[in-house]
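Naming follows writing order (A, B, C, D and E), and every chain is counted from residue 1.
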Amino acid sequence: MFLSHIWLIPLLPALGATLMFFFGRRLQKSSVSAVCVGVVVLAFLMACGAVWQYTAWSSTAEHLHQPYQTILYTWLGTDTGHLTYATHDGTPASLQADAGFLLDPLSSIWLLFVTGVGMLIHVYSIGYMGHEGGYYRFFGYLNLFMFSMLTLVLANNYALMFVGWEGVGLCSYLLIGFYFHRKSASDAANKAFIVNRIGDAGFLLGMFFIAWYFGSLRFVDVTAAARSGHFAIGDPIITAATLLLFVGACGKSAQLPLYVWLPDAMEGPTPVSALIHAATMVTAGVYMVARSNALFVLAPKSMMVVAVVGALTAIFAASIGLVQNDIKRVLAYSTVSQLGYMFLALGVGAFAAGVFHVFTHAFFKALLFLGAGSVIHAMSGEQDIRNMGDLAGKIPTTFRTMFVATLAIAGIPGLAGFFSKDEILWQAWKYNHYLWAIGFVTALMTAFYMFRLVYLTFYSKPRMSHEVEHHVHESPKSMTWPLVVLAFFSVTAGYLGVSPSLGGSNHFEKFLEPVFANGAETVEAPPAGEEGNRGIEYLLMVLSVAAAGAGWFMASRAYGNADKGFTEPIAAAAPPVYNTLLNKYYVDEGYDYVFTGRRKLGDVRLGTMGLGEASSWFDANIVDGAVNGAGWITRLTATLSSWWDKWIIDGIGVNGPAILARMLSYPARLFEWGLVQWYALVMTAGLVGFVFYYVYH
Amino acid sequence: MAPVATPFFFYLLSGTMLIGGILVITRKNAVHSALALIVTLLAQAAIYLMLYAPFVAGVQIILYAGGIMVLFLFVIMLVSIERTMKERQFNKQWLVGIAAAGALGGLFMAVYTKGKGIFPEHALPTAEAQNTQAVGSLLYGQYMFAFEIASLLLLVAIIGAVVMAKKRI
Amino acid sequence: MTDPNTLSPLDLETPEKPFLDANELVINMGPQHPATHGVLRVILRLDGEKVLGLECVIGYLHRGVEKIAENRTYTMFNPYVDRMDYVAAVSNGLGYCEAVEKLLSVEAPPRAQYIRVILTELNRIASHQLWLGTHALDIGAITPLFYTFRDREEILKIFEKYCGARLTTHAFRIGGLQYEAYDGFEKDVKNFLLFFAPKIDEYEELLTTNRIWLERTKKVGIISGKDCIALGVTGPVLRASGVKWDIRKAQPYANYKNFDFEIPTGQNGDTYDRYLVRMAEMRQSLRIIQQAVDGIPEGPIIAKVPKVIKPPVGEIYHSIEAPKGELGYFIVSDGSTQPYRVRVRPPSFVNLQALDVMCRGQLVADVIAVIGTLDIVLGEVDR
Amino acid sequence: MHAFIQYIQSYLDSNQTPGAAGNVFWAFIYILLVFVGLSVAVIAMNWLERKILAHMQVRLGPMRVGPHGLLQPIADALKLLIKEDIMPAEADGFVFWVAPFIVVLAAFTVFVVVPFGPTHAITDMNIGILFMLGVSSLSVLGIVMAGWASNSHYPLIGALRSSAQMVSYEVAMGLAVVSAILMTSLNEQGTGTLSMIGIVQAQQTQGMWFIFKFFPLGLIAFFIFAVAMIAETNRAPFDLPEAESELTAGFHTEYSGFRWSLFFLAEYSAMIAVSSIAVTLWLGGWLRPFPNFLTGPTWDLVFSLFPGFTFLFLAGMCFYSTARMPKHPLFRIQTMGLAGFGAALALIGLVLFHPQVRLRIEDIYWFCAKVAAFMYLYIWYRGTFPRYRFDQLMKVGWKILLPMGLGVLILTATVGLWPLIKQTIWHP
Amino acid sequence: MDAMLHISTLHYLVLGAALFLLGVIGVLTRRNVVIVLMSIELILNAVNLNLVALSRYWQGVYGPNALHGQVFAIFVITDAAAEAAVGLGILIAFFRNKETINVDEVNLLKW
């Protein structure tokens, strides 16, 4: 039942969004929340049911480990093959995309945590947005986002996935710009949208490559073709396609060159940051790469690019996060950094480990953001952690849950983050020691900045103004209990995937096995080799725990007693480094300079022409000149042609007969003047005629 | 009461009616036309009385003179008529129209001359006291259905008039 | 169309446009119109009969009272103030005398204070009576006018006996009173109290539960307390909107703190509430007069004031609760015998600002009711 | 000559209205009587309204012209007659000229069928009430014409308002009238009547004024009519078309002098006309109180003495006032005038005691007394009520009176036909 | 002359015909829509006159209760009321749109 009606899952939030679009303005707040949260809760329940049914279905003999696919109709192209094209080897294929849904272990995981975390965040938003204007608008957007994200996750082909991909981009844009009257918010929204366009272009091109090369867009067909052994490892076209797809993933998941939009996206309301920019949407890139694992396995060079970009992003973002002061920005850079981790895992071939990290990360990062939202709520809108402090006793629930999340992200043993992160580090070690080293340093930094956040916020001395301090209060129930639920999962989610070395059986990886059946085996060493490496693995584990502990220790030393005039240790040690980090390596300014051609940075005049202006000049003069020239020639010929048409064709051939007809029809027209009185006159005359006839007949 | 001086009143009233009718179609000012029409209608009500139809006469006064003509006057006052009064009053086909009407009149004359003998010269006087009751029982008896249809027509007319004339509904 | 009463006075500049309709009718009411209480000109913007907004044009009765003050000595200016709100001349005089006394740091002796209170409260009743009669007349009830004028006559008789004038009394002097209360003053006042208490019930019988009166006044010209405060509206209009503000209680002057009385307030801020508040105020005035006439002390009636009044250099703002609201005098002294500047804060002028807010979305006939309920005197508005 | 006298006398024995008897001479006499009587009534009404209103408002009213201002209306009429008759330059001359006449005509024509007694009516029509409603609705035309022809804004708005008001209230009024007419048909034959005399006779045969019939249905219908008739005549509290504080004087703003007085005359005679309708339909018309209950020659005598005593009472009041007049040479003429007036009233009263006269006059007396009560109500309303707002007025007319009228009509029909309905239900 | 003094049904019919012709002339020649509508009222009244006159005639033939003509006259008056209401409503809408009430300035129904 649930499985066959899986298409209902995305449609439910779409229904909510539609209702909000048409009637939201007129509805009470309570009915808005009832509708919007209700549909998401329903979607979550249906998702649980669908996954449960799928596990039963796929363990039957005839469907063993098969993905469940249901196709409603074809929305692009036709079944009859009207839109055909030749693939690279000349065989005809029809361009066709279905409105079809695919449920396999990979999408099951995404489905569950998207609906689950989404549901919690919806509940949280009731409290958080309770006093804001545009309540129905917010929930309408959230529902629209849920619809797009579920479409993305459940799509059975690249084209439909792209629809969801663009949908979440749109929702992200709308929600970042939710406070559109603030210029910074609308700028941030534009930035997110434009930067994502670059990635989307890559995705689109990659998709076309795939269509051209494999003759189909369906994941099932593509995967089957890739695994058929028909293509050599390192096939250049597949490499190109995967690299292009990865560009798309970079955009959506905020990887190194294209990460700049995510920190700015924190302008949106906090629940949005939690849902879209921490837990779900930004992992879409990971999902897409994992979904295309069969292709990536055929392109080791792409895999390497993915791993390197991931590792660099991880350490890069973590280093920026060390010194940021805005509570949400710290978490944003942390998100970028953790996403880097996931790509590192994908790049080294540990798809399951990457997905596992996505899974655990969704819980504790959502928790962190929601906790941050609760803190901001308590601080009457203050976001700067330098102005907080000593909140632990005042907002105990928030503090406790956030502390659990911090422990989890820092990799303290026993919590979710430890298991997933450790798995990634171990896989990275096996791939390349340098990558492991980067990951290790990142882990150290992660622990440091997370505990810095905790100490500055919840411990140390209070640094806020008096009225703010007076105002501090715990958030309402609808906000705190999602925190508690998420905290529970932050602790326990890791136990789904305890690696064998810790005595677990890694259910998670087993569950995902059918999806990553090909490539994973090649990288994931057989159990035989595993035994020898156990020692190293334990060593690494201890090291990373030590790194986490060291980060914690350093943070507590540096910030444990921070009062109003505290100094950053990095600033004290090396001011230039601090400034560089605080200004995020001047990346935004660099982009501004190169791409938009802004000549000035503050008061500094930069002088030369930027890339953007250069291309604009090229466009205006060379390209447009060519276009205009072509246009001029066209116009000349058109003038000649129209003269011919007007005087010769129309004049003699068309108007002539018309004039003739008009002249001939004039007597008939006398009876149709459009004047009522004329009709009456004719009527009278007719009456006279008839009566005369009947009387004197 | 027996009718008194019937020919005198008949010619007086019919003269009033015809003069009123001529004024209706010749006045420039629509208000004057309406007043002339009211005079015509009242004279006609009197003629109904002469024809032993007092109920129809009462209805004529209440509905026509008191209702419909007030409506006309209202509308004339709503639409400004200063401009119209300075313009040509008759349309381009007036000559043809009068000719057609004349032809119709000739026809009527011919018909009535030809059928002169059909109608008796005197009609029997009947008691007028029962007129209202008789009309009532016809209306609510034999013509019940037509009466209902007429009320439905009025309802439709009300709605139509409101829809037509209202600026925003 | 949004409810005009939800508009804050701050968005008065943005007129509401009727939907898809350009037939906006602008008509003039006044300056010569039976219902504008003097020479007030109101420019109404109408959609049919509904008021979209209005603008008051004032100044037809401007006599430059404030400027005259600069060329008269303090004593000479005293009679001029009676001509501002000529139906409450005693209150005007009280405010001015107290302001100058404050400037001179002189206080009137207790007996003078008590007589002042009696006369001022009598004048409050007289002013309210005049308002009630004309307001009811505007709404179409002719009879109350004659009843109130009959009873107002008794008050004017007391004034006449005390100071010789009925309307522009010039009753008080700087520093106290010029005339001692005449023989039988207290008896006259007590008689009036006995006479007038049942008369208020008579007025109320005529109007308070009259259905048409209720329909014409309830939910007409609503103004919220917030808007009142934002516009500076004071007096019964403010109190009828539920704001308990009376200068007699808030900043007691002239011995008012010795008297026991209540501030009547309304809830809805509509014309009916204002009517009820004024009726209750008349009763409270009777209470005050009763206490004052019972406790009137013996003693001098004027304090020691120099013959030539030369206040020290300085400035003073003193306000009293006149029948129509807060009446304030701001006097700047340069040490000479003539004030450097006198500025009057007349309640009618400030209250008239609320007319636009109160009339939006109402019908034309309500504008008349609202002008009546504001109780303005154009002599005071234009000065 | 003899034939002429015979002709005149023939009516006196016929016991009919002159119209029904076809007696032109007496019809003419009656028309004159009604016209003169009505004019006198309007003049008296003018004086009474001013005096009564003044006394309600604790003042004296006119006191200067004549004793107690008795000659004031005559002085006013004289002033109005010799005042210049101004016509606005841009007015539509003919319409402006003819409008007041139409209004007066409509107001006076109504009295053709008003039954002052079983024989005291100009004529009896079998569509009497229909005729009254129809002709009184013609006065709207006059008002609209007056407002339009003045070519000015206030009169036009006033005319539109008053015609809208009159047309609206005519509906409720008509429904109330129909429910009363329905009551006339509740006899054995099941035939009702529209004739004014027939309606009063129906009340007599049914032994009950229609105001008490099917209590409270008759009372409600009467109430609806009583409210609608005030609105119909544009009197307080429905005097919006003439609201001074809003529209100066309504449709007759531009009129002056004689023509204005015609409107005045029409207004008051319209008041009397609608009051007559109300009296006829609900209050038993010319019937004296308890005509079927307090019967017998003694009671007849007692009730027939009422008119004379009334006039004697008025005369007594005059004499009392005469005695109270200031004893001052300046007041001598006034005192004498008042005494003379009282004497005239007393004389009339004495004449009314004559058996021939009192028997013929009794029904007129009772009719006029009832109408006078209505006139007093009109004045009383004016002294008591504030004015309605236009939308409230329309609301009262369309949302309260009209549904009430429909409900009363349906209930009256149901209750009246209940025996028939019961029979149909139980013995189908 | 005798025929002139004895008013028979035919007299009424001739009067009705004359009124009818006046109405027809008004409808056919006047430009003002209001007057055209009033001319239509004239036509309807002419018909009513015929109906009532013939009702009177049939009363003489079939007895006093043969009042069908009068009943029809009442129906015609009802129709006239409906026609006037709708016609004038259209007129107001027309005037609001075209700022004219001349019937020959409306020729939108042209071919």
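Please note the rule applied: contacts are C-beta pairs under 8 Å (C-beta built on N, C-alpha and C of every residue); 3 or more make two chains touch, one makes a residue touch a chain.
This structure is a prediction, so every number in the text was calculated from the model and none was measured.
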item: Central subunit by CA centre of mass proxy; value: C
item: Chain whose average C-alpha position is farthest from chain A's own; value: D
item: Which of A-E and B-E has more C-beta contact pairs; value: B-E
item: Separation of chain B from chain E, taking each centre as the mean of its C-alpha atoms, in whole Å; value: 5
item: Rounded Å distance between chain A and chain E, as computed from the means of their C-alpha atoms; value: 77
item: Mean-CA-position distance for chain D and chain C (Å); value: 47
item: Euclidean distance of C-alpha centroids - chain A vs chain B, Å; value: 79
item: Junction residues of chain D, two or more chains touched; value: none
item: Junction residues of chain E - those touching two or more other chains; value: 24, 28-29, 103-104
item: Sites on chain B at which at least two other chains make contact; value: 55, 59, 67, 91, 93, 96-97, 100-101, 104, 131, 167
item: Interfacial residue positions of chain E with respect to chain A in the complex; value: 24, 27-29, 36, 103-104, 106-111
item: Touching residues (chain side chain D, partner chain C) in the complex; value: 53, 56-59, 236-237, 239, 243-246, 248, 382-392
item: Complex interface listing, chain A residues touching chain B; value: 675, 677-678, 681, 684-685, 687-688, 691-692, 695
item: Sites on chain D touched by chain B in the complex; value: 19-22, 24, 92, 94-95, 98, 125-127, 130-131, 133-135, 137-138, 140-141, 144-145, 148, 156, 160, 163, 167, 170, 191, 194
item: Chain A to chain E touching residues, read off their complex; value: 669, 672-677, 680-681, 684
